Amino acid sequence: MHNLRKILEAILFYKSEPVTIAWLAKVTKREGSEINEALIELENTLAQSDGGIILVRTSDHVQLGTSPDAASTIEQITKDELSGELGKAGVEALSIILYQGPISRTKIDYIRGVNSQFTVRHLMVRGLIDRIPNPEDSRSYLYQPTIKLLTFMGLAKIEDLPDYEAIRTKLNAISIDNPDNN
Amino acid sequence: MHNLRKILEAILFYKSEPVTIAWLAKVTKREGSEINEALIELENTLAQSDGGIILVRTSDHVQLGTSPDAASTIEQITKDELSGELGKAGVEALSIILYQGPISRTKIDYIRGVNSQFTVRHLMVRGLIDRIPNPEDSRSYLYQPTIKLLTFMGLAKIEDLPDYEAIRTKLNAISIDNPDNN
Amino acid sequence: MNEFEIATEKFKGPIELLLELIESRKMHISDVSLSGVADKFLEHIEKLDELPVSDTANFIYVASILLLIKSKSLLPGLELEPEEQASIDDLERRLAIFKILKGQSSEINNLFGSSPIYSREESTQFNIVFAPPDRLEPKQVLDVMKQLLESMPKVEILEKKTVQKVISLEEMIDRLGTRMQSALKHSFKSFTKLEKEEKVTVIITFLAMLELVKRGVIEVKQHTRFDDIEMEVTNPGTPAYA
């Protein structure tokens, strides 16, 4: 088990891009559940050593990145630039996707009261969100934050968003008696 | 001091090539001796956690690398990356580059409606495309098919692609109206 | 408002607009506050000349619910259908959800790029080996390309599809006023039939009617709850409203 944690850390270091749990299982010839356990172990080890490297996770992707504490130093040596402002519509849509994702575009439109086609597409093009098939409707998709979005925001995981649980609870309480708005 | 160890680990993680102690001292605004001490500390922490990342030192250069224990897995991953199908994303990006190259990644992303950063990198590693500096933006590149790819596809020249002119005209008509401004 | 601004959604959506109107009055989301800001909301729509079709529908929909709420407050006899009540509840819920998420927007904006987590720098040294897939036919590439072109969003940016504004509010007030002068009684149903039964027309007609009620130009009667609403000029001598 310990060995798997070690191998995963090496793979993630080597790949330096978000990879799926499924892919990690494939290349290590292990079960997804084993991968998940080893990733938790890795997360803990990294947290314990309080070093410059952290594990960033979404529900299905994982990647290593630099600690936000080092951001100002890295900023000086990087040529990468954070591309452009988000814009009002972009922030609004991201707020919905971050706190309510995975979420369909119909529902994003419903909450915003405007057509979000271009905004959502634009966020996809920038790699800030991605989409997965909607289990309830094969013709549509659900949108969710990417690792790239989390890293831009300095978050190791979505739960680190300000007031994440509180906001989600509030939102669930409102939509609970509203079955027909997806 | 602990903080310097953290910052150095982040810098070394970020840089994909060996760096000198002097350079580290410069970017962290510290003395070379302090850097040396913090590197020893880092080396110890890494050894203690027995993870997949190790510190590699030569006489005056230093770099992070993967643990030898992971070498065979990583070698396998490298091989796998070079074989097999391109996947939907890969074929899409490649098609766009074939018909519209030299083309910026922004435009590839825009046409596909999703971010292609890792897909394009993969195509480069496989020698199917290469890149030239973008004359309009020194920080970015333009991507084009390699001669080897054309030969592999049985094309004497790019214009031999079916409907080359017609498709190109359509693609030329697509202009990206400052997509970051949304 | 130019086309580009439309495309990039620089205007406020109906939910956001409504929420701002309510909050500017320091009120909570309720029937009372919604009824209170209905006029302002409709005034605002009037100023929006060119909206993408899809969004116009959203504005009109919200407007129609506001009208329901307002008519209920003006015509106490008016009993709402269950679906009508449901759509009012739904609007209030949307406002509540939007309010919460909008509240988080500034946090998100502040976090974005403030102290990012960096991935490893992209290596400039590629160890390139020519490694093509098993096969890649020109025909396959063409098909993929065609599909991509096909699935590009049909750019609303370029088409200046604007609402055919069925009839403007002001016009309608004028017409209603004139009509009231010529015929003392007019039922709402027959009136809207005369004006082509487009949803928008009905809503705007209704709105105009309420506007006239408010200004004391006409009086509205509804005998029983499923009955037509009758309109009557309160003072036949009053010159047509302009």
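Labels for the chains are A, B and C, by order of writing; each one numbers its residues from 1.
In the analysis below, contacts are C-beta pairs under 8 Å (C-beta built on N, C-alpha and C of every residue); 3 or more make two chains touch, one makes a residue touch a chain.
All values derive from a computational prediction rather than experimental measurement.
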Compute per-chain Cα centres, compare each with the mean of all protein Cα atoms, and return the closest chain.
-> A
Interface with more contacting C-beta pairs, comparing B-C to A-C = A-C
Hey, how far is the Cα centre of chain A from the one of chain B, in Å?
-> 20
Separation of mean Cα positions, chain C and chain B [Å, integer] | 45
Between chain A and chain C, what's the gap in Å when you average each chain's C-alpha atoms?
-> 32
Which chain C residues sit where two or more other chains touch them?
-> 7-9, 118, 120-121, 153, 157
Contacts with two or more other chains, residues of chain B listed in rising order = 10, 13-16, 112-113, 121, 181-182
Interface residues, chain C side, partner chain B - complex = 4, 7-9, 118, 120-123, 125-134, 136-142, 144-146, 148-149, 151-153, 157
Touching residues (chain side chain B, partner chain C) in the complex | 10, 13-17, 82-86, 90-92, 94-96, 98-99, 111-113, 121, 124-128, 146, 148-149, 152-155, 160-163, 167, 170-171, 174, 177, 181-182
Note: in the complex, chain A contacts chain C through residues 13, 16-17, 54, 56, 63-72, 74, 78, 80, 82, 86-89, 91-92, 94-96, 98-100, 110-119, 121, 150-156, 161-163, 167, 170-171, 174-175, 178, 181
Interface residues, chain B side, partner chain A - complex | 2-3, 5-16, 27-28, 42, 45, 48-53, 64, 66-67, 69-70, 73-74, 76-77, 80, 109-110, 112-115, 117-118, 121, 139, 179-182
Touch list for chain C against partner chain A, complex | 7-10, 13-16, 52, 54-55, 58, 62, 90, 93-94, 96-98, 100-102, 104-105, 107-109, 111-121, 153, 156-157
